[in-house]
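Shared between the two complexes below is chain A, which has chain B as its partner in the first and chain C in the second.
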Partner chain A sequence: MRRLGAQVAILAYLLAMAAFLLGPVLVVMAISVNPFGYSIFPPRGFSMRWYLEVLNDPQWRASIGISLLIALASSVIVTTTGTMAAVGLRRWNSAFRDGLVAVLMSPLLLPGLITGLAILFFFSLVGALGASWTLILGHAVITYPYVLRLVYAALSRDTATYEEAARTLGASPVVTFFQVTLPLIRSGIFGGAVFAFIISFDNITVSIFLSNPRMVTLPIRILEHIQWSGTPSVAAISTMMVVVTGGMALLIERIGGLQSVFGGVPDESR
Partner chain B sequence: MSRVSVRNIRKVYGGVTALNNVGFEVGDGQFVSLLGPSGCGKTTTLRVIAGLVEPDSGRIEVDGRDIVNDPPERRNMGVVFQSYALFPHKTILENVAFGLKMRKTPAADIPRLAQAALEMVRLPSVGDRYPRQISGGQQQRVAIARAIATRPSVLLLDEPLSNLDLKLRMQMRVELKELQRQVGITTVFVTHDQEEGLMLSDRVVVMSEGRVAQVGTPDEIYETPASSFVADFIGEASVFEGQITHSGPEGCVMRTAAGTLLHGVLRTGAGPGGASARLIVRPEKVRIGSAAQGENRFQATVEHLAYAGASTRVVLRLNAQERLIANSVKPDFAIGDTVEISWQAVASSIFTD
Partner chain C sequence: MLFAVVFAIPVGLLVWVSLWRYDPASFGSTAPTLENYARLLGDSFYLGILGRTLLLGVVTTAATLLVAYPMALVLTRVPPRLRSALFLLLLVPLLMSVVVRVFGWMVILGNPGIVNTVLMSLGILEQPVRILGSMTAVVVGLVQVEMAFAVMPIYAALATVNADIRQASRTMGAGPLTTFVHVTLPLSLPGVHAAATLIFSLSVAAFVQPQLLGGSSFMVMTTLIYEQVSVTLNWPFAAAAGVILLTGALASLLVMNRLFRALQPWEGIR
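After this line comes the complex of A and B, so read on.
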């Protein structure tokens, strides 16, 4: 048994870490319920006024819709293509495989602004600047590595043996994929999809180059708003974003287990 | 029930020849083992038969029909993998039923046939559990049940017993053989355990470095090995190296570096005088005691005795350089004693390879 003093110290350390990580978020949440037109902490009173303000403002509403649409569309694209790439790359017995994986993973390593700038130049070169789908594709580029990484990790050597077993039992390659491979890597795919959605939903570095007055994503709107206004509406919208992403994290935990998403090992004991 | 012919299979992986002209026959209902050290190509051969590895050239014939271009799902072969490969997301019954479903068995018959397969491996009541909820030995049996549920024409087993502890392995050997006899299914069994290979098989294919070293009944492999590799790999043996001094129809004589003259039977090559050779003698062929018999007779010193239950392993020293191993059922000598030893020329094999 550990000494009481040591246990207290560990608990204090954990509480301090939690406060450091979550404290600022809690402050933002507290500010959002201010009844007054300026952001102060601690809040003086309680009101849902700024939530209503945000939800009734056509500009905020448009940005929420745009961000949700882009996040949804880009995560559907990268989940499909990323899964396909991961499955294909696992089977590709080539010296170039690891190199190609590194290239596909590179948006994760490059500074976001550089990637954003590169995407801007590219769309400007092909004359597509201003089209709404450029934002979706731009987000797809930066969220792609998350899906690839998680699905690739979920496809272990064991998965290949299960696939072989299915084939010898009479399953065609297509049936094998849907009956064996997909169920085994489903937590990886799902985790990748949720990550892609969250990363897209709060992205600034790429959106800032591709948005235009008709297409202002939520993070960009927040950024613009805090430059000329101090109302707690930003805190209100931020709180809503925290609730949405937090809810999605809970969803992963429920379905596959966060650990299996990060570890990439399908945990079938659940 | 089917005959399988493996013909001239070649497979090269990135410049390394994994299989070099591998060929052998498996008769209808026979149990054939592919036996060899790790890396000899036995598992690759099995995977070629199953259709999981595409050979560079050669044929796989089942009842005379070449199936080398058929994908695995059209080969009708049951495979038991070393890791069992039971689908973790399906129950035991779903695992066993998977092959039946894929092979378009009428839906009404599937539960009954799957249950029958589980009963055949004496696991009638684990159907609704998941693979991780049953023991390794049970998983192994379920893997066999899954492989035979569809009544495949050939059963392929890739070291299925190697992950089990010794006692369970012994028990499963007997059960596996019994099951195979019952079902009467043509079986190819991969193992690196020579005892397992000899015990279970009608015929043994000994492999070494991607080639077939010898094909024969367990008895032939043990008694008349075709090469010094086979003689050394199968069973226990004492090995002497030297030069052939005389070779004729009545036998062959070899002189070791220490000057010992040994009589044996030449198994490979013409063996002209002076050729360097190896002589191999099995422990149970060596007689200890005054009633010496055979062409090879020596005085030896007992160097070590190891009691092994039914018999005792005796290490004998012939001279400063040479030792050999013998078995004694009832040793009436002690370490340090000098004893008469002998064995017949026909009991030792000479190889010039």
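After this line comes the complex of A and C, so read on.
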């Protein structure tokens, strides 16, 4: 009897946690289909009105395009340079390497807003403020650690042994890299690219300082919209964002598991 | 290598700019001055913001640990399939935009919001209470976003607690509660420490939650920095506030270190 009681308590706790963790997003989704001009829950009626409104609004469309472009460009830059850095870092002696890795990882440790502030100062000092590429480069700086960590983790396995075997059998360094190393670390690179895309697409703390009236990223426009207006169109665009990032999350889970991305815990069930 | 240069300087840049004199006419003078710090630390208004930020960190850390510890404990005791599902439940919300989730909380906690509507229809409340703009709202928003980061390290620590040790304690006649308080909990403290460090750092650095859920009536260091940069355009003062935030957070973490070391007197022996 006591066992049963404990199990009921655990189940109740887990259900409460599920509601707590998923509730806010579900509420936003529910609001997005309500036909009225204000955010109301539970929804009364069903309408795609706010989705059409968002998709027909030039400002929302511009922000969607800008955010997609920045996320795509920065994740391409970060994935290529990050992979090269990870491969190169392996060749150096350990003391220097550890120091360099620490420096490259520092945006993970600094508060996002502080990094954003420093990036703003930097671009201002070099006189580049307002240029569209500052957002791409700024996002590259903050997503770089994630790619580096994922590719580096993929490399640390048995790649060196396979590379050595390829070299012994007469393959040139270039052939070895493209035919042996790259296929071995493919999932790490791909996971890093997807993760960099998501981080950039959702970023607030860097974009908020680098955005200007001509270039407002999607999360910043949502933030402003929530603060000043608050029509359910923001719920519609939020739902679309959730679908994009949620789909990508499933993609990562398919490839290698979300836990490895978060530097998490080994899971024996896998 | 270019990226390394970009990273190595953010804090240096911050300190440098914080020593400038604010001059609305030009960008800033080069003669170093400490007046930004004097203004920050000599004014009870700004000291209050710093205190509120650190208090928010402490309260959020305590709340998150209370919610996350049972989850970590449950994770160690459930079959692998359910564990994978629970991990997914914890991690998927992490990939949803913070703005979206905070918007959900605004609808839930607002006025008229879900919480107020439910409490009033149940007759518990006569008048709607104002939750938005209070510390409660910010803490709720932070706990939801940061919970997974607390569960991971605690779970990792709990997973290493040998089942044999618990069994031994039970065999010696200790009840489940005694075993938990005297065996499991102390052995998991390193994980709790890691979680607390992470959650505190994330909480004092958070921007979106205080900005949207706290508003102008609950100003913290990050929202102060943002206001100084975007509204007042006083960059040196914002930089000084950033340095103070980093210093304050670091000092708090050192105190926390001390506290946890006092809780684990055997750490040196083992």
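Everything that follows uses one rule, which is that the second predicted complex is superposed on the first by the 235 of 270 C-alpha atoms of A that agree within 3 Å, B and C clash if a C-alpha of one lies under 4 Å from a C-alpha of the other, contacts with A are read in each partner's own complex, and residues count from 1 in each chain.
What we mean here is this: a contact is a pair of C-beta atoms (placed from the backbone, for glycine too) under 8 Å apart; a residue touches a chain by one contact, two chains touch by 3 or more.
It should be emphasised that the depicted structure is a prediction, and the values quoted were computed from it without experimental measurement.
When the two structures are aligned on the shared chain, A:V175 is found in touch with chain B, with no touch to chain C. Touch criterion met: A:P111 reaches chain C, while chain B stays clear of it.
Once the two complexes are laid over each other on the shared chain, residue contacts for A:L22 go to chain C alone; chain B is not touched.
By the touch criterion defined above, A:M241 reaches chain C but does not reach chain B.
Judged by the touch definition given at the top, the superposed model places A:V141 against chain C, while chain B stays out of reach. Between chain B and chain C, it is C that contacts the larger number of residues in chain A. In the superposition on the C-alpha atoms of chain A, the part of chain A touched by chain B in one complex and by chain C in the other spans residues 268-269. On the side of chain C, the complex with chain A involves touching residues 3-4, 6-11, 13-14, 17, 27, 67, 70-71, 74, 80-81, 83-84, 86-108, 114, 144, 147-148, 152, 155-156, 159, 201, 204-205, 207-208, 211-212, 222, 225-226, 229-230, 235, 238-239, 242, 245-246, 249. Across the complex, chain A is touched by residues 50-52, 71-73, 75-79, 81, 83, 85-89, 98-99, 102-103, 130, 132, 146-147, 150 of chain B.
The touching residues of chain A, counted against chain C in their complex, run 10, 13-14, 17-18, 20-28, 31, 39, 41, 81, 85, 100, 103-104, 106-107, 110-115, 117-122, 124-125, 140-141, 144, 198, 201-202, 204-205, 208-209, 219, 222-223, 226-227, 234-235, 238, 241-242, 245-246, 248-249, 253, 258-259, 262, 264-265, 267-270.
For chain A in complex with chain B, the residues that touch the partner chain are 158, 161-162, 164-173, 175, 179-180, 183-184, 266, 268-269.
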